[in-house]
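The next part holds the structures, each set out as structure tokens.
Paired with chain B in one complex and with chain C in the other, chain A is shared by the two complexes that follow.
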Partner chain A sequence: MTLRGLGFDPLRPLGALLFLGLWQAASASMAPIMLPSPWSVVKRASADFWSAPSLAYYGVEDPSLFGNLVYTSENVAIAVLVGASLGALVGLAASRVWLVRALVNPIMLTAGTAPIIIAAPFLLIWFGVGRASAVSLVAFYVATILYLFAERAARNLDPIYEHSALTLGAGPRRLIRDILIPATVPELLGGFRIALAGAWGLEAVSELLGAQSGIGKVLEVLAGATDAQGILASLILLGVVALAADACAAALIARFAAWSAAGAQRL
Partner chain B sequence: MSAAAKERLVSLAVFAALAGLWQIMSRVYVVEAQPGEPMIPGWQILFTRTFLSLADYWGGGFGVPTVADGAARTYLAATLSLLSHLAFTLARLCVALALGGGAGFALGLAVSWSRFTRALVEWPVHFLRALPLLAMVPLFQLWFGATFLGQSLFAAYGIGVIVFAATVNAVRNVPQIYIDNARLFGASRFALYRDVILPAILPAMRSAALLCLAAGWSAVLGAEYLGAQTGLGYVIVYAQQFAYLDRMFLVALVLIVCTSASFRLAQTLFARWLVWAPPSMRA
Partner chain C sequence: MTSQRMIEFVHVRREYRRADGAHVTAVDDVSLIVPEGEFVCLIGPSGCGKSTLLQLLAGLDAPTSGSIVLKAKEIEGPGPERGMVFQRDSVFPWMRVIDNVEYGLKCRGVRAPERRRIARDYLARVGLTHVEGAWPRELSGGMLKRVAIAAVFANGGEVLLLDEPFGALDYVTRRQLHDVLLALWDTPGATRRTVLFVTHDVDEALTLADRIVVMHSGRIADDIPIAAMRPRNDDTLATPEIIAIKHKLLAHLGLQTKGAHA
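Up next is the complex of A and B:
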């Protein structure tokens, strides 16, 4: 068997090396304050990971990249869990209850096209600088996406399943628990993954607009100090965390939707 | 009445009810963000005082004097102010869509030319897509300053990455039989791209285009929130610093109407371009 036959393509790491080489070459021809070399960014990320005294000087509450990554991740986790459960529940309800759909659908369809970031300055005034405004922004974004996925998944579900359950004497509660939720889980998890990917940037921008902690706050002070190296180091660490979270979500989909075509496909 | 017409009527009723609820809440909840600035401004304030106050953001020109020069607030200046800032926002969006969409599409097609280049870019693109776009505003400000070009390039980057990944993916998913068939009839590489691959990927590009539009609006607003001197996003954040909730609300409403209209336009365009495609491909 060849390497490629095992699912390994040597061209992919080669492409990554090429990318790093291009970055290195570009950084060599530019001032380090504009584009630092990849190696110096890695060194900076590891040096500032546990303790970055300069951040304390700029007024960041927790002077380490790790502490701020944790803060940002906590916010994203809370927002994604709250938003996803709310969005999915309301979406499923809207697909089956006419009144809920009539009331919620126009609002959610509009929210689905409007850039949610519009709401950030409002939330800062209503909830003040802190966790609440960032979490509610991200939660609303996640809820919108999950609502749209849940509503569509439940609407596209072949009615034969529900008819069959009703014939066998299932009540509304069992109908929801045994038919509606399992049948829409693959789509819901797919939407969950998309929402999760967008949540990190939204959380960061909310912190950039006003926060005392978090990677967004770190980016804000580093931008004020025109510290490209620090900005890139923080961004890449945030990207790594986002990738790790996405990998967890993918594993979740593989575990809970393994039986569906969507679960196998989205791996 | 058809189901679609009924649905439209219901959603109109919902929005009317929301507007009414807002008015009632403005009477019930009279807390002020600062003296004279209600937390929930009623419509009678929004369309008179608030709209007039947008004249403050008018930069001058067309013989209409600015408030900064001591002129009184007029409806003309307010209208011009709103239109000019909207024009700046739309200009950023259009430049970004053209640059990012064009570059992403061209590079995507170029990379799809062979299996080798496709494999080479896979990991770097995966990496770039993992970086949260909106968190990159400070980086672009550092590189290009708080300029029109920098804000447009930032949004263009966000759009470009999406279009690039979508194009490569779409070309990979073109059924091999289309390509083999065209080759059998002696199509050149160029003809193959023009007559087979480009039309075949159009349905797949529809969802990418809608994603880009959403990313483009977010990116432009993010860039305007974090350091621009023009645009509706700038007006919102500038008003936020003085807790002028009414101005923020009015401008945000204008923005939501614009984004909805832009999505409607994109969907109509793609529906027209995809008349030939079977319904299953248009989803």
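Up next is the complex of A and C:
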């Protein structure tokens, strides 16, 4: 797997500028209600950041973009931590224990191919419109990805490392701690990064389908009010947070996968 | 032999079924005694069972019948008293060089300062002091072999198993590693480890071994002591006796010999 774009690329700010230029040009030829200009969106984002009374009017619990960003980010953080730990552990276990693989593989392979969002209505029935519904959906999605990455990474691990450790005197516990886990960390972190990127979108969509808070809820009410400026302002803020989270994941990869080619690209 | 017997293969057989259903006897009734401190090279054509024999002794595989005895105790599974250097790279890429050399000692509960001292000593002996903090991916193939050799020697096993360790290396690197290996094995004042070294390189076997065991179709076809004095060099290996042995070995490998002694 290549992790391009981990390091600083001088073309990236240029690409962002090109995007802004195109946006500006397009907005000049369209009505602001269809496509507001970039500058007006930035002003709207800063105006609504701490306090947005219009959101209270539409029934959003916390009438500020900041509060809803925090709500969404918290949900993503919980879901990603729980889902990633569970998925990685079960995936590693499945690679070495036949029974675990036999039990879990059918579920995970199905979940890995079907769009997971179809489970959303079901989760709403179970958990209602609160946090639990969105968090469990995202956690399940993250767990599926990490399971597939962990299982594959552990299965593809050259047995020579385990053999070598055994002849050096390692026992079963050391095989897991010193060989299986560190050897699969670069792939696990790669999967983590992909899952994290997808988690933001899935969290927002699940909030769209039924929640009282969160950026998804904000998007839903603003769409109802055909407020293109507000929608873009919310999306851009969500994008900034997601980019920051991705940068943290990339830093994690650089730190814990320095020994592998994937980690080395960052050095 | 006056020295104590270290390894004993007693009527060892290893059979398995290949993926295509064919029945294969990799090791066929092998009995062999290796005294303590002896450097034995196992030589033979591909598929003759020499690597399987080593895997069995390492405990990474179990015989179908027969037994393998190490110092009067039958072996059951791998153990640190039998260190192994593999043909392919087995150095852990996620540990720095020094941590790789320390790993066996760490498994055995040796305290950190002591194992670092031992690891540094062996890294110095294989000439890798300058890369102790490097990642394995930063090292050449020959250097990785030096790390693997340092790791098994540092771990202090009485028996060292080397499975075509230098097969993938270039001629110059291979000869340098022969010197490194022999210097570690024949350290003045230290007990010589018992070595089983699998190779299909006749010159390598003649350079290293006290004794060359030839395998063919899973059986021992010949067992030849090498009396040449040590340290050996191109001249000491050019005696009529050694050349005669070389022709014999080449014939075992199915090669036409082209020398005057053929």
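What we mean here is this: the second predicted complex is superposed on the first by the 249 of 267 C-alpha atoms of A that agree within 3 Å, B and C clash if a C-alpha of one lies under 4 Å from a C-alpha of the other, contacts with A are read in each partner's own complex, and residues count from 1 in each chain.
Definition applied: a residue touches a chain if its C-beta (ideal position, glycine included) is under 8 Å from a C-beta of that chain, and two chains touch if they have at least 3 such contacts.
Because the structure is predicted, anything quoted here is derived from the model rather than measured.
Novice: Could you look at A:90 and tell me whether it touches chain B, chain C, both or neither (first, second, both, neither)?
Specialist: The answer is neither, since A:90 touches no partner chain.
Novice: Check whether A:188 is in contact with chain B, with chain C, with both or with neither, and answer first, second, both or neither.
Specialist: neither
Novice: Can A:167 be said to touch chain B (first), chain C (second), both, or neither?
Specialist: second
Novice: Which partner does A:41 reach: the first (chain B), the second (chain C), both, or neither?
Specialist: In the superposition, A:41 touches no partner, neither chain B nor chain C.
Novice: Scan A:178 for contacts with chain B and chain C and give back first, second, both or neither.
Specialist: After superposing on A, A:178 lies in contact with chain C but is clear of chain B.
Novice: More chain A residues touched by chain B or by chain C?
Specialist: B
Novice: Considering only the contact definition stated at the top, list the common interface residues of chain A for chain B and chain C.
Specialist: In the superposed arrangement, which is not itself an observed complex, chain A uses no residue for both chain B and chain C.
Novice: Please output the residues of chain B touching chain A within their complex, sorted ascending.
Specialist: Going through chain B, the ones touching chain A are 10-11, 14-15, 18, 33, 39, 116, 119-124, 127, 130-139, 141-143, 214, 217-218, 221-222, 225-226, 236-237, 240, 243, 245, 248-249, 252, 255-256, 259-260, 263.
Novice: So in the complex, which bits of chain C are touching chain A?
Specialist: 58-60, 77-80, 82-84, 86, 88-90, 92-95, 103-104, 107-108, 135-137, 148, 151-152, 155, 161
Novice: How about chain A: which of its residues touch chain B in the complex?
Specialist: Residues of chain A touching chain B: 9, 11-16, 18-19, 34-35, 102-103, 105-107, 109-110, 113-122, 124-126, 200-202, 204-205, 208-209, 215-216, 219-220, 222-223, 226, 228, 231-232, 235-236, 238-240, 242-243, 246.
Novice: For a test of understanding, state which residues of chain A touch chain C in their complex under the given definition.
Specialist: 158, 160-161, 163-171, 174, 178-179, 182-183, 185, 258-261, 264
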